[in-house]
Every structure is written in structure tokens, then in C-alpha cells.
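What follows is a single structure, written as C-alpha cells, with notes after it.
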Amino acid sequence: MSAILNVEGITKRFGGLQALTKVTFDLPEGQILGLIGPNGAGKTTLFNVINGIYSPEEGRVHFRGKDITGHKPYHLSRMGLARTHQIVRPLNGLTVRENVTAGACFGRENQKLGRAVQIADEVLEFIGLAERAEQLASSLNVAQKKRLEMARALASRPYLLLLDEVLAGLNSSEIDGMIAIVRKIRDQGVTIIMIEHVMKAVMNISDRIIVLDYGQQIAEGTPQQVAADTRVIEAYLGDPKLAERLMKEE
Amino acid sequence: MAILEIRDVTSGYGEVQILWGAGLTLEENKLTCLVGANGAGKTTLLRTVMGLLRPWSGSILFEGKDFSRVPAHTKAEMGLVLVPEGRQLFTDMTVVENLEMGATNRRSRPKFKDNLERVFEMFPRMKERANQKAGTLSGGEQQMLAVARGIMAEPRVLMIDELSLGLAPLLVLQLFDSLKQLKKTGITILLVEQNVQMALAVSDYGYVLSQGRSELEGPTRQLMDNQHVRTAYLGL
Amino acid sequence: MKNWLNPGLWFTLLLIALLGIWPILGQNAAAREVIFTVLLSVVFASSLNILLGYTGYVSFGHIVFYGLGGYIGMFLIERYNVSLWIATLAGGAAAALLAFLLGKAILRLRGAYFALATIGINEAMRAFVNNFAPFGGPTGIELKFQVYKAYGGAAQALWLTYYTIFALAILVVLVSFFIKQSKFGLSLMAIREDEDTAEVMGVVTPNAKTWAYVLSAILPGMVGVLFFFKNGNVEPGDAFRLHFSIENLVMVMLGGQGTVLGPVLGAVGYQRLRGFLLTNPVFKNIQLSVAGALLLLIVLFIPAGAVGWLRNRLPRLRKVLP
Amino acid sequence: MGNSGLITSLVDGVLIGVIYGLAAMGMTLIWGVMSVINLAHGSVIALGMFGIYLLFTSLGLNPYLALILVAILGLLLGVIIYSIAIHRVVNASHLSTLLATFSVNMIVIGLGTAIFSTSPRNVNYSLGNLTLGPVTLLNARLVAALAAVLVTSALYLFLYRTRLGKYVRAVANNRAAAELMGIPSAQILALSFGLGTMLAAIAGGLIATFFPFTILSGGVYELKSFVIVVLGGLGNPLGALAGGLILGMLESIIPIFLPNTWVPVLEFLLFVLILLVRPSGLFGVKK
Amino acid sequence: TPAATPTPTAVVTEAPTEAPVATEAPTQPPPPVEKTAVIGFTASLTGKLNVESTRQNDGLKLWMDQVNAAGGIPLADGSVVKFESKFYDDESNKDRVQELYTKLATEDKADFLISPYSSGLADAAAVIAEQYGKVMITTGAASDATYKKGYALVYQSYTPASHYLTGALDQLASLDPNIKKIAIVYENEKFSVSVVEALKAYAEGKGYEIVLYEGYDTGTTDFGPLLNKIAEAQPESIMGGGHFQDGSTFAKQLFDKQVAVKYLALLVAPPEPSFAELGDAALGVIGPSQWEPLAAFTPDFGPTGVELVDAYTAAFGEDPSYHSAGGYVAGLILQKAIETAGSLDTAAIKAALDGMDMMTFYGRIKFDTSAEAHGLQIGHDMVYIQWQKDAAGALVKQVVWPTAGATAPALFPLR
């Protein structure tokens, strides 16, 4: 298995704030990589660097063997890199189908409009939004908007999919549904990086996990290794005893 | 005593009806939670209670007085405070200025200093980021700020829409813990949560909203123990 | 293609055809002049809509293309005696070129900043032309009455400009319809809704915006030539009149931005309203205030514009009224 | 050109620039707070001019006393315009307010022309001259400039030092959130619009004390205000003052080197250039 | 015969309710067939040209009321023609001028057209007049260019722009032959530019030194920068200006800044009665005028100056300005042409206009008939007025040039 993405020594600053410090990892094709860490650790910033929204102060990003550091987001989309947004950003004035069609039109395959509509309908069926296709995106609820983000990204037929907290705000059955979808996408051969705070999901689904804290990689490994890492527990997961106490206390 | 009573409220967006008769009662100094599937209408209910949406019918009583036609800002002045879905921060203002804006009502102003200390203690990250523009905070940091700003208002009733959204597990634990502390300081809390298990665990009383109707209610213990509730409404 | 069957398109075309043919049938010159004014705004407003309604960029100073086109056309006719047709094409080309060059620079700006920049460009252009000797400076360019002889006299020339603007009005509807139905149109609407997201989705935003700007500039450049040819002269104050630019914005908004029919309805409605009030004995002394008050009522009660209002009321119309 | 010429030009530039700044301040306030591009701005400036004129000619009021009345009337007018024309659409699509203010402008100009015609008026009240070395100044201009600076400082203190002022900024940033914090946003918006209108009316009134005017005269200042608002950064009152000063200086210095009619060419080119290089204005914080 | 024509002024003094034609006729013939001719034009009811346009409109209205009250104009076929006007608001801009003139020419069946105020608007209207074969008398449209475009039916009642300030230069030369330095400062707009271009050529031909030749934009209210430039250039005389507002503002600020100058002549503004509102700043300012109530021409057609002033003041409560006179004289020209032609036929009226050479209260009227400049006014000349103080110290207008018509010697030097 070859690496689809190589991140080497990425450093990103905002004024005096060091949001990322020398982040380095390789991502083999076909895997799901979990990206976790406390709030403000730099996870979303890392996505923004990978897909060209920010250029890093140091370091390089290679995607499918090509150096893509500083490339514009739209070039990367054409090259097969898609993402969802932590705070959903549907194209509110367009219908659900139009949203997804746009994804297909301008994504990797750069489809003609007619074909793009077909793809959009397939993807909507797959993601479970088919009956809402004619609705305006603005009228969807939170869970549906998350699905729409996914659908739009998928319609671009990416090689690599960056998912930023697609499970946040979903109830547990919705979460289960979404996890199933993510698995299916992976099974179709798409590589995935997933930022998530819902532990039962990340631990379940990731092949590997990277933990960021204050912009630094503090741990890396299989879900089991990471979950057992004391630094991770201290900085991120919290003492299991605290949870127990909370539940018990009257 | 019931501090806030919502009776049979209907409401919606434009011509689309979302709430079909929702009701709940908040007992003073209790932590009540409201759960329900995505799209059940929880956010819509909070917005209606707060006055951001006009109730089509039904009544909302605050300390026994009808409250349904009172505009949002008057409610806030009276001590009904909402930490809204989507956070609604003053993105161009700094963290501290946001917190200041939280403390605009008459009761909160004199306590500004104390409250500021209290929220900085709850969210040390906010102290670190005190002079950063709210719009550039990370998702979770923004959530912290929204909750902190709500607390700054010295609320009588604090309604929080999706407290744990986007927060790291450790922080979620700490936050639920803090809620219990808050309750002790005399704040009545209405919590909307997707993390049902945790929410029910810390709350005193619970409501289940389904398709715009209040389907079930009861002390949280009872709800947790009811197998039917667990599978049908809580997805556990 | 099934796009051709869209009833909304045919309705819009029919509306323009009926309007346009009315003066021709009766060879009624007064009607012709009235409809000329209306069609001019149909073309201008619909073009503006490509930028404003589809792409979400507000151009206050769109009149700069009309003015520049008009000047280039008049210059060629007066100085080099070229035919009206070539002048009109040249006016459109000049406007397109200006839009292309400007687009690269000012389309980086968003929202109000872009709107302001377009005002700045227009005012700078007006002030420049006012100082630019080859274009006659403040005196502008005048055509000899002789010029119309080549078209069979002034009467014939006025009819010819009318046929031309009629054709352009049909063209603008087709263009705005097919843009809206195309992949290009989709990219514009994605930009309108959320430019950053559009970029992440793979829309090459700088190019798409620039082409939208260019497309929205060409026809105004061409009608500028027609209008000033018909007037027989052009001066900086008339060519770059900011107020007219804003009026066209108003028409787009009145009819419903982002739709094909909207700007057409808006232009017809606004121009006819003004025309009626101007010539109505009861209102003509305070026509401006009456027009303002009516406009305000419309804005307050149907802020989405006529077509937007219909589409919101009857969602089924969304498909029918593009 | 000699030194004295340069000094005279600079002084002239400063005096007129402050007034430009004041005229723009109303626009920047309304824009910053509610993203309303107020196309009725010019007509309100003109109304301010006529306010002074009418109070002076028909009631014989001292123009500077009249200014206080004009300010109050301006505030009221703004609140009325807001309640009738703006409030309903302030949350509707971004451009609806543009149309609304455009209509208000049509109404005011239409009625104004019907009542006053467009013949120029003069407030015939002189404070005399002041000669300092090579520079001869109209006292009326000095007083106007001083008044403008005073009004600006008052506005600044109001926005940044008072609670109400902070509310205005909060509403400007996020109206829904302000409402949730207990800030009566509708009233704040009406107040802001009223303040913006008041500033425009004051500026108009001051201009009337030394320039002749017609009901259409406001248009020029409206256009200049657009430029100034950008120079100073949207919503920034001090920036507007600085922007006005810059514009005033440009207008008095450029003619020293070039024909007068090139002033607007350079002025607007510079404007576009600044937009491109520093869209947040010369004094705005860079994003 | 001209004597049989009831002149409008004669009627005003009679009882207007009586039908003059009926009472004058000794043998009670059947009343003549009455025709109505429609005169169409646009006026600037709104927009920047509102004031001048309104006065022009009032002048025309006065003429029409007088003719109608006098029973109309008898034609050769025994009928009489009365007039009716149709006009619309052109909003002081060109957008709808052609639309409205076409409506006037076709739907409203106007028989004759009068131009809108201002050269720019008149230009747009002229195309339509020409196209529909309607005679158009222009007034308030001085720019020479319009009449050099090859029109056959457009006739100018104003002295062309190129002659506006040349007379001032003649006057200056007679006042002080030693003055050589002139600053020409003008509104950068069509009409004013055509005036000062002619002035500049004329002055250079006479050996004057133009120390400053500079335009300012329409709508300028702050002349500070320009005044500083003028002060630097140290001219002895300043000429130029543009329209009322900029001209009066310029005069005022020139005075406030105490710029020293011996001779100041400005376009358009000084002849306006309200120029006096400037107070001391108006004193000594000279301006070219198409017409002045003081100017004592002996008309061979129409009312005298005094009669016109009385009638106008009675009707509108203010003194007529030269724009008012322009409106009136446009009607008068039409009247004379119809009387001469004896019909409403365009060709006959055109012939009458081409051959016209008459003296009115307004001065001489005669048109160029050459192919290059058909319709250009060549009979009429400007008079130059100056604001002076009367014995009581009030500001009054005096005609100071040409000396033949002067009512007072010029106040010179200015300061």
C-alpha cells in the first residue's frame, strides 16, 4: 500500500499563536485516520492547510506523490481531495440536489451537468437524502445538513476525504447510521481522515489515530494504543473515574 | 415552584409547522433536560420560548405571568437566557468583549468581576484567548465562549442548546460537573443534549420531544430505567 | 434539449416579443420610443442580473460599460465612419475587455467593497473622459445628421436601432436562461451562496467571476452605442450617470434577482411606472415622489421581488419560473 | 507654487476635510451597524442645509443655534425613516434596504424640488474673515470645522465609552445575539439610524453656513462619503474623520500640480487602489 | 397685413373676456373657423435644470396666453389658429428626451416643437424634430455645435455660445488697454467650454496673455484650490464661469478670499436677479445676458420690453430673467413665421423662418441659412450687465456694454 498523503513538518502560526508545530505523518491509501485532540489543538487548522485554505509557514504536503503545498482549494478538489466543514456550510439558496450536483460538476471527474445530476441522485440515494432532493438546503435540520456536506464531498468522487466532526450534534442512532456510511465509503476505496470528538465512533472505525495537543502530535497509533496513552487521557479523554463519579452523584 | 411553564405551544417557520403542542415545566433550582431525535423540534422550542420565533398558539409563563408576547431582549433582561444553537457570538469582538456583552442586564452588571473570574476558572482556555477575536476561535473554543457568555448574564433560567457540541470528552465531563455547581448557585437550567446518557445522568427531570410534541416526561431515573423509552426515544 | 421546453423561458420570450412587436405592427413611433426605453433596461438589467443575481456581486457602477461602449462606438462612427453594426460590436468588445481587465483586479473584493470599487471605477472613468481630448472632453462626441442618411434617413435609422435592441433583448433572455441552466451558471450560484465553500468544492472562482463580469458587461456596452447613436451625441455626464446604474439595480431587485424573468419584469414595470407618472397630468409635478412612495411600498411588502415572491408563495413555480 | 500657496492650500484642505469627514460619519455608522448603504444620505444632508436656511430666514434664528434644532430634527427624522422604511426589511435580502433608502431618496428629492425648486439658496450670515500671515480664512469655516471635530469626539466617546455605545457595536456585529443578551436591537437600530441621519443633517447645516446649496447638493457629499468610508474603514467614525481629512487635502493639493479637473480622476483611482491593497481601510485593522 | 394682427400686448390692456375678433369686425361675418395648434416640449420639472427651465416655460406660457386671449393668429384661409401646449418632465437628463419628443410629435400630434432647456437636451430633441419634419425653435440652447449638424428645421433664438464673452473682452480693451493678463476659469461642461474656447482664441488673437486656463467640475462648491491657483497667477482680469450655482459661488468665494482683480465677467449667473443675494460680493461683477429689461430695443414685432416685464410680473410675481425672455421670444418667432406664412404648413413656415429678420423686445432675430450652420442665430447680440449700487446703496443691474445700449458707465477697476 502506498501513501496517498504525506505531511512533513507542517508549522502554522496565527500571529503569536503557534497553531501547528512540525506535524508529520503518512497516510496509506484506503485507511481511515482518526484525528483527535482537545479543543483548539489545531485539527481544523491542519485540514485547512492540507486543502489549501492556509499555506503553512513551514513544511510540505504531498498528495498522490505531488507537492500540493499552497495550491488553491479548487485545484485540490480537481485532484481528488474533498472535505466537509465543522460548522456546516450548505449553499442555502440552492436545493439539495443542486448542492450535490455542484459537488459532482467541479470535483475530480469534472462532470458535464447532465451526468452530474445523475451522480447527485445516486449519492443522495446512498446517503439517505433522496426524498429531500427538491428542498432548499436551508430548510434541512442539523443532521440532514451534515449528510448534505458528506453527499457533496462524495459526489466529487475524491481519492481522499477530510471529515471534520460529521458526527457532532447527532443522536446515537444517527451516529450509527453515519458510521455505517463512512465505512461504506472507505470500502469503495476512498481514504479518509476524520476529526471527531465522539470517542465510541473514532475508536471503532479508525485504523489509526493521531492525537494533537497545542499543535503538537502527542500520540499516534492504533485506537487501543492511543486510548491507553496517559498523556492522551490527561489532555483529552479525561479520567474515567470522573465520569463514573458524575454519573453516580445525586 | 415552577419558574417557567410552557403549555401546548405550536410554532414553525413561515408556513411550515414544526411544534404541534409542546409543553414543559421548569422547577426552580432544578436541572431539567430535553432530549429527542434530530429534527424533533428542540431548537425550535427554545427559540419560541425565548421569543426569537413567535408562538402560533399556547402559552409561556414565567413566574406565573404570561410571557408569550414579550420580545426576546426583555426576556433576557428578566433573566431568561439562551445559549443558542450555532453559538451566535459577536465574531468581530474579542473574547472579553463578548463576555461583557453577556453581562448587560441589570442583575449581572454589578457581579461582572466575580462572574468573569468564575467563567475563567471553568474555561481556562478563555483566559488564554481573552483578547482574540471570537470569530477566529476553534469550534470548541467558540462553544465554550457561548456557554461562558450565558453564565455571565447571571440568569434565573439558563437554557443551553447542545452543550457538548464539538467539545472534547474531557471538557464535556468537566462541564457537566460545573452545571451541577451552577445549579447550586440558584440557577434553573434547561439542557438540550444529544449526549442523552450523560444528560439524563446529571439532570433531575427529563422531557422527550418527538415530532414537535412532548411525548414523555419524568424524573430522569425513571426515564433511564424504562426500556421502552430507551429503545424508542433515546436510541440506547 | 429539454431545456428548450421550459415554459418560463417561453413565457419570458413571449412577453418580450409582444412588447417588441407592438410598435412594429402599427409602425407607431411613439410606442417605439417607449418600448426602446423599456428594452434598453431589459437588456441592461438582465445583464446586470448575471453578476448581481447569479453571482451575488453588486455592481453599482455597471453604467461604466454602457458609457465606455457608447463612447467607443460613437468615436468610431464619427471619426472613422464605420457602420452602426461594427460600432455596436466594438462597443460590446470594449466593455468586455474593460470588464476582463477590471475583473482580475477588483473581483477579489467582496460584498460592499466590490460595490464601492465599481463606483470608484465609474467615477474615475467619467472624470477621465471629461479630460480626454480625443473623446471631446466635456463636449463629448456629436454625430452629423448626415450620418443617418446611410441608413435611409433618420426615421429608418431609429427603426433600425429599435430592431437591434429588440434582438438584443431576445438574446439577453436566451443568454441568461442558458447560463442559469448550465454548469457555468451552477458555479456562479455556488459562489453567490458561499464563495469559500465553492472554492473548496472545486469551482475555479477567479475565472468564473471574471467571465460572469465580462458576460454582464458586453450587452450594456452594445446598448450604449445604440442609445447614443440614436441621440446623436454623447457627453460624459450622460454616459456615466451613476443614478441610472442604481435604477437598473432597482429593476433587478423589483423583479426578483437571480431569475430570468425577474429583471425583465422589473425593467418593464419600473420603466412603465416612471413613464406613466412622467406623462400623467395628475402626477407629473410630483412624479418622483409618487414613484418613490410606490417603490417603497413594493420593497416593504415584497422584498424578494415579484418573481421571488411568486416562487416563495408557490414553490411549484420554482421549476417553471427559472 | 510658493510656500504661502501651499500653506493656504493645506489649511483649506484641513478645514473642508473635517466637514467631509463629518458628512461621511453618518454613512459609516449606519453602514457599520446595520449593513445598510444609505442612498438617502445625500438628501438628508440637503435637508440639513434647508433646515438651517429656513430657521434662519423665516425665524431669524442664529444659524449655530439653529444647528442644535436641526440636529434634534435630524435624529427624529432618522428614527422615522427607520421605522417606516427600513425596519421591515432590515433582515430581508441584503439589498432590500438599498431599494428602501433609494425610494426614500426619491421621495425627499421629489418633494424637495416641488417645494423649494432647485434654485440655489444662501444663508446670508457672515462671521467675517481672519487673516493670519498669507492665509485668509472665513471664520464660518473655522467654526464649522471646530464643530465637526467636537461632534466626532462626542460620537467616539459615545460609541467606545458608554454602555449604549457598546450595545450599538454589539448589534452591529450580531443582531440575534444582541437580542439574546437583552439588548433591544430594534431600538438600537433605530437609534443608530437616527444618529447617522443626525450627523448628516449637522454636516449639511454646517456646509450651508458657507456654501450655497440646492436640494440636490447632498449628492456630491454622498459620493465623497463613499470614498471616505472606505478610506477610513467601514463603521469607524475616527477613520471617517481621517478619511475626510485626506480627501480634503488631496483636493487642495492636487490642483497645485495638475489641472483641477484631474482631481476626481486621481481621487477615485486612489480610492480603488486602496480598496485593492487595504480593503479594510487605511485605519482599519488588517484581517 | 401686420397692422391687422392683434399683437399680444395690445390685448392685455383690453378686457380679456371679450372676443377681440368678434368685436373688431364691423360687419359681423360668421365667426372664423378656429384651429388649435399644439406646441410640444419637455421641461425640467425636476433635476438640476429646474430653475432655468421653469422660467423659460413661464415665458412661453405668457406668450401663448396672450396670443390665445387675443383671439389667435389669422391664417390666409380665413381661419384662426390658437395654441395649446403639451409638455412632460425630462428630469434634466437625456434618458427620455427622445421618447418624450417622439410621443409629442406623433401621439400628441404637436405641430411645433420648442426645445428643452440646455444644449445637451436640445441636441437629443433636435434629432426627433428633424426626423418627423417638425419645426423646432430652440431656446436655452446656445451651443453652436447643434446647428452645425445639418439640420433643416431647427432654429436658434439664443446668441450662440461662441459670442458670449467676446464682447466682454472688447469692453475690457476699451476700459484699460494696458491690461494684458487674463485668467479664464470655466465649468468643464459643453456649453461653457464652447464659450471659453471661442474667448481664448479671440483673446490670443488680440495679444492677451492667458495666465491661467482651467476648468472645474460641474457641481463644484469649493473653489478654494482654484482660488489659490488664481492668486498665484496674479491675473488682472478673470473671465469664465458656467451656470448659476457655480458662478455665484465662485464670485462669493473670490470676494471672501479677497483676491485682487480688476475685471470679472462670468457666464449665466450675474444676470439672474438672485445674484444680488451675494451682497457685496456681487458688486462690480459683469455678465453677458441674452436680454435685459433695461435694454431699450424698439421692436417692429411684439411687445416692448417694458410691456413684457409688466405682463410677466403680473402673471408670475417675479421679474423675468433672460431665460423667461428666451421662452417668450421662441413663441414670438413662431408667431411671426405663421403670420408670414399664413398657414401651418411646414414648408411655408420654414421659408418664413429662413427669410426672417425682425426686431423684437429681445433684439434682432435672424437665422443663418447656409448649409453648414442652418438655423444658427446670427441677428441677436449679447448685452453685458454689471451690478452697481444705486443712490440708496441697493444693488442694481446696469447695462454697461455695448456703449450704445449702456445705462451706466462701468464700475472699474473692481478691486
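For this structure, a couple of remarks:
All chains are identified by letter, namely A, B, C, D and E, in their written order; residue positions are counted from 1 within each chain.
In the analysis below, contacts are C-beta pairs under 8 Å (C-beta built on N, C-alpha and C of every residue); 3 or more make two chains touch, one makes a residue touch a chain.
Being a predicted model, the structure only gives us computed values, none of them experimental.
When the partners of chain D are compared with those of chain E, the chains appearing in both lists are C.
Per-chain CA centroids place chain A at a distance of 28 Å from chain B.
Mean C-alpha positions place chain C and chain D at a centre distance of 31 Å.
One simple way to say how far apart two chains are is to compare their mean CA positions; for chain C and chain E this gives 37 Å. Chain B and chain D have Cα centroids lying 43 Å from one another. For chain E, the set of residues that touch two or more other chains comprises 45-46, 188, 215, 217. Among the residues of chain C, those touching two or more other chains are numbered 127, 130-131, 285, 287-288.
In chain A, no residue reaches two or more other chains under the touch definition.
Taken chain by chain, the contacts fit none of the simple shapes, being neither an open path, a ring, a star, nor a full set of pairwise contacts.
Contact between chains, per the stated criterion, is found for A-B, A-C, B-D, C-D, C-E, D-E. Partner chain D is touched in their complex by these residues of chain B: 50, 52, 71-77, 81-82, 84, 88-93, 97, 100-102, 104-105, 149, 153. Interface of chain B with chain A (complex): residues 13, 16, 37-39, 85-86, 125, 129, 132, 136-141, 143-144, 162, 165-174, 176-177, 180, 194, 196, 198, 201-202, 234-236. Note for the complex: chain E touches chain C at residues 45-46, 88-89, 91, 93-100, 102-103, 105-107, 120, 123-124, 126-127, 130-132, 145, 149-151, 188-190, 193-194, 215, 217-218.
The touching residues of chain E, counted against chain D in their complex, run 45-51, 54, 188, 214-217, 219, 221-222, 224-226, 228-229, 231-232, 244-245, 248-249, 252, 256-258, 274, 277-279. Within the complex formed with chain B, the residues of chain D that make contact are 163, 166-167, 169-170, 173-174, 176-185.
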